[in-house]
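Notes follow once the structure below has been shown.
Think of it as A, B, C and D in the order they're written, each chain with its own count starting at 1.
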Amino acid sequence: MANKFGKIFSITTFGESHGEAIGVVIDGCPAGLSITIEEINQYLALRRPGFGDSVSPRDEADEAEIISGVFEGKTTGAPIAITIKNKNFDSNNYEPIKNLLRPGHANFTYLQKYGIYDFRGGGRASARETACRVAAGAVAIKLLEHYGIKLVAFVSSVGNESAKVKSEDIAELREKTYASPVYCPDEKASTKIINTINKVKSEGDSIGGIVGFVIKDVPIGLGEPIYDKLESRLASAMFSIPAVKGFEIGDGFNAAKLQGSEHNDPFVKSGEQVMTSSNHAGGILAGISNGMPIIGEVAFKPTPSITKPQKTIDLSNNKTVLQLPLGSKHDPCVAIRAVPVVEAMCAMVIADFLLLKAASSHIKDNLSENY
Amino acid sequence: MANKFGKIFSITTFGESHGEAIGVVIDGCPAGLSITIEEINQYLALRRPGFGDSVSPRDEADEAEIISGVFEGKTTGAPIAITIKNKNFDSNNYEPIKNLLRPGHANFTYLQKYGIYDFRGGGRASARETACRVAAGAVAIKLLEHYGIKLVAFVSSVGNESAKVKSEDIAELREKTYASPVYCPDEKASTKIINTINKVKSEGDSIGGIVGFVIKDVPIGLGEPIYDKLESRLASAMFSIPAVKGFEIGDGFNAAKLQGSEHNDPFVKSGEQVMTSSNHAGGILAGISNGMPIIGEVAFKPTPSITKPQKTIDLSNNKTVLQLPLGSKHDPCVAIRAVPVVEAMCAMVIADFLLLKAASSHIKDNLSENY
Amino acid sequence: MANKFGKIFSITTFGESHGEAIGVVIDGCPAGLSITIEEINQYLALRRPGFGDSVSPRDEADEAEIISGVFEGKTTGAPIAITIKNKNFDSNNYEPIKNLLRPGHANFTYLQKYGIYDFRGGGRASARETACRVAAGAVAIKLLEHYGIKLVAFVSSVGNESAKVKSEDIAELREKTYASPVYCPDEKASTKIINTINKVKSEGDSIGGIVGFVIKDVPIGLGEPIYDKLESRLASAMFSIPAVKGFEIGDGFNAAKLQGSEHNDPFVKSGEQVMTSSNHAGGILAGISNGMPIIGEVAFKPTPSITKPQKTIDLSNNKTVLQLPLGSKHDPCVAIRAVPVVEAMCAMVIADFLLLKAASSHIKDNLSENY
Amino acid sequence: MANKFGKIFSITTFGESHGEAIGVVIDGCPAGLSITIEEINQYLALRRPGFGDSVSPRDEADEAEIISGVFEGKTTGAPIAITIKNKNFDSNNYEPIKNLLRPGHANFTYLQKYGIYDFRGGGRASARETACRVAAGAVAIKLLEHYGIKLVAFVSSVGNESAKVKSEDIAELREKTYASPVYCPDEKASTKIINTINKVKSEGDSIGGIVGFVIKDVPIGLGEPIYDKLESRLASAMFSIPAVKGFEIGDGFNAAKLQGSEHNDPFVKSGEQVMTSSNHAGGILAGISNGMPIIGEVAFKPTPSITKPQKTIDLSNNKTVLQLPLGSKHDPCVAIRAVPVVEAMCAMVIADFLLLKAASSHIKDNLSENY
């Protein structure tokens, strides 16, 4: 397996859904950053949207613990280990279906690859792992804040309901987003999405969705061409999130329909600064941030775990029907809960490139400038 | 910069568009693979589509040379260095515009990041670098062939013209693709695309497009969750190709509109094998190949280099108009030429995971089985 | 910081000496390996040599816990997290000396590099981190055992007392080693070493030592030239252990005095196998294991923490004398306790190359053989 | 294989001894560094010591070529590819012995690992590869000079003849070293070494040696604990050089004989700076440079290629005698020619950590300071 992400600001995550705990080790966070467990737990709480009915997590809030790397309230440069205990789970639910191949699920490919599968709650393949990303993301966001970089993610569509989102002010957009039970900053769309989710839920079904993001005040020069372009790493980050099936930056797939004269963003000066008068590129040119907002979208498939009966086979290749146990709770739309996860992944990518840029751009006139 | 891709089967590329040569070093290709320079050059020729008018490359075919790593017709395990001389270029064209910020181009971000820019023909940021990927891809494809894995990429849309593509037989699809001047296997769409390109070309403009791919007979078990999932690496690979703005696997963005009961692919047995009766997932479950065809799409923006005059500013922030020199030749639709590049990147990703799987799956009963 | 070691079988460690816990995440251990917490704790106990007076650890035995990656007694391919709680420490001892630069210690360079230093018990720089290596090493050794590879480390000298060690039988050598209170398999030398240590201890001083190792039945072909040679990685592993100042393989520094005709090991056949009639090379030729025992030595400096008063300066550059607190316990000879650490690092290096070889050697005739 | 070294300032080398060319790609060198091909070739010439009789290289000087990454005399941040053509070789010499296992050589392990061996002149395993390191080292040294860091390597012993070396002034030491035909700065020892080499040479034999190095004015704070300590990386670098069997830093193996009160270097102030009054540690504490000179020694085995007949077996396991062809020229003491190679590896390690430190130390008050 490959449970590590990032080059300088890097994380390693561990833990299964129904094991004792899950956790993350952040290696490469600069020393001297103020961070508290409260900040981490506050951010973790966002993985449990207010729309209590549409999502179905464990009952209690996650409580993270900082095990190492912070001394007298500041990071020391040492690895920051954060663990989150698992509680309120009942693995017995999974016993009756452990020999069934679950459509859209990890169990078939894990069994084939590893010859063994911790079926309890999805084991290592459970979306629970994303809590570790959010915990680490809280640290990355703290680092970005120090340099004035802001970011937000939000639900931009669920099923056929799409939001209209203006990305002018990040703080405002963030507030609207997290005020919505379905993390959608457009109030009207929010209502429609709630209805959609309630409908599929009542059918024992689930639904897909799209999460958008905006990152602002990113310094020019982040990204390492040719093979570690900013968009390349963002794409890799997004596709590492469970259920992601698509990613685009700027105009994305729509760019394929445009002509060069439409898509090219003209350079203009704005005071002493250079910027572009439009942002079809989504803030990245040739793999490097150009100072404009970085804008992207991430497509999530519908949750594969549905209570509707599904035809399948078992480990002995016999036809059967998969019926999830009555009590089992599953998120009807993973895109919602993924909002802070997308933010966290964005933050870690930007943090890493921020540090990499310090090491990889151009020679300075004297040593002290360089580091 | 980061000019390396892959973990075991890995490449490092070098060279600028108007430098002496470009090249690639393949490190980690297993020993004992038969490969000839003819096979590499034959594959390289595909980067110069037959549609002579729609694309505008250098006049002579690229001629690669194997510098190392092959002995008596077989790879030795040593790094395989391949170089391609640059010829027939005229850097003088770029002199008059070297101080202008070129919309949609690399020069602004490169100058900001590195403080220096080799402006001749796009320097390191030129799509010419992709020839190195195709050369290395020829080796990866040879390795995949050895294990019975086949793949193809093709133009699936340009502007508003879309192809209908059936992925039944890879060999047939490949033949149709490369028979089309615009690498589109759907004959009707091919004609419309040619018309579209001719039109934008006559306007001094360019147009975007989408490239699809199919990889077949991939063994179950490729991909390394959590952070090096098969789709994650494919995404990273695709976004490293110049001009890419979107990537999706399986149903992609459309999955966001579906319900779980529609999107989940039911498991069925087929003889002694397990497969799924549909393939919305595009051949990947939980980051690991499931044996079904791996299917994806890659969105390319329109070429930023257009002969139409464009408003911009120069390095001193003065407003000006960018007018590419009359003789300058630019590809009106980069998606076409990207077809073998997409194939090459797919092949290298699969080759790498094939080798990684040998190292990372499960314990074998005896040593000789394991290696 | 860089708290990760290994490519496929890789570890990330975390934790400070006086923090809540220390821990290690093993990523890349193949699935299907049987491992119990008892085996890990048993191996961990070896870091607390019986020679109670010569070493001065915490009072209670370390008790490790497996947090993830093991299901029904077997590894699952998921990251194996192991934590060890810190207990019985008193950080108050360090308060009075926290502003003094400690000769031979980490505090000066850590403060300069990170601007902050967790001075309690040495913080991240404490040798306590090596317990994590031993815990992970227990897993690696289990993997090697599965393939019939055996290894042992032992004290080969302390100060001017040297042991005579025959490496014929690993099991026997291991038994003798761990039977000695100072982990020295040569009984006579063992006694002299005990005397030496008692003497320096009574002076409030410490002493250096050398640890030797032998790895047997290593398959031919481990090691990845040019820059990841077997000896290169072993050297890197050994120098990552605190207090290591020298490493040699085979004849080591003595090889510099020999002629080629003396040093070259002649190839002979032994039954159907090829071996060499001598082993000056120490089991490695051109970066690759040759099937002969891998033999090396690791030099440890004397423990820098001594109770003897030492001249130094404080953080304000004032001259002062460092006097460690009376109650403080320090290991008079770190080489002894390093024995299982050297074993653990050897085991992890060999395990990693064993897995890498599966990915990087030569093409197999059919897919199933390759993985 | 693993033909890459370094994390930020990194190299990939390629090429065989009797192939068309060898080469190196430097990825991660900061933009804006002045470098000329003359500087590289001048440094490369040092791999051909003046002591014409003791070493036996090809007749003509190596002529490197810069293929990419330098524009108008300065590095651009793009990969710097440098190639060196192979000339004046005659592969026919190797034909008669291609089926013989050569004691101390690469051919047995390469054949076992890769199933194929390019026997011509040692193929990939030839020390000729080190020319690429020297070429890349010239660039690294240029970068270090920019920051005022100086270094030198020299022969400190051959067989039983040892030099006395004072490391006061690097420039002077360097001059004396390269003035000696055997790269030994101690004139008396130099003469004795020449005699020793002439003697072993007349016997058709070879001899080992030790190379020392000193790196001065290294900023405090280089090195990334725990697993990428400065000494750990230096050790890895040195053991990647062919024929190296031992490495030590500071007092090295002798430290194992010392007591803590002898080995600990007392901190003193020197003007406004902190330094140590002795340097047993060799400039590194806890994996991080402490500002004192970095001092180390590297042990080389005798050249395995000797003209004296040697008993061995062939590929069919038949006993035979290896007699190198009369005309074949081999270096009787590889340590001499390794002097600039050791320098080059030191320079690349320091350059890489210099860049890494910029990315990994502690948070700065504002963005512009950080990069």
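Worth a mention:
Keep this in mind: a residue touches a chain if its C-beta (ideal position, glycine included) is under 8 Å from a C-beta of that chain, and two chains touch if they have at least 3 such contacts.
Not measured: the values here are computed from a predicted model.
Touching subunit B and subunit C together: A, D.
Over half of the residue numbers at the interface between copies subunit B and subunit D are found on both sides, making the touching surfaces mostly the same.
Distance from the centre of subunit C peaks at B, each centre being the average of the chain's Cα atoms.
Remark: subunit A and subunit D have CA centroids separated by 45 Å (rounded to whole angstrom). Rounded to whole angstrom units, the spacing between the C-alpha centres of subunit A and subunit C is 38. The mean-CA centres of subunit A and subunit B are about 26 angstrom from one another, to the nearest whole unit. Those residues of subunit D in touch with two or more other chains are numbered 1-4, 13, 28, 31-32, 77, 110, 113-116, 124, 357, 360-362.
By the touch rule above, subunit B contacts subunit C in their complex via residues 8, 28, 30-33, 77, 143, 146-148, 219, 221, 354-363, 367, 369-371. Taken together, the subunit C residues at the contact with subunit A in this complex read 1-4, 10, 12-16, 19-23, 25, 27-28, 31-32, 65, 67-69, 71-72, 74-81, 83, 110, 113-118, 123-124. Those residues of subunit A whose C-beta lies close enough to touch subunit B in the complex are 1-5, 13, 101, 103-106, 108-110, 112-116, 124-125, 129, 157-160, 200, 203, 205-210, 220-221, 223-229, 231-240, 242, 244-253, 255-269, 272, 274, 276, 280-282, 285-290, 297, 299-306, 308, 310-313, 317, 319, 335, 357, 360-362.
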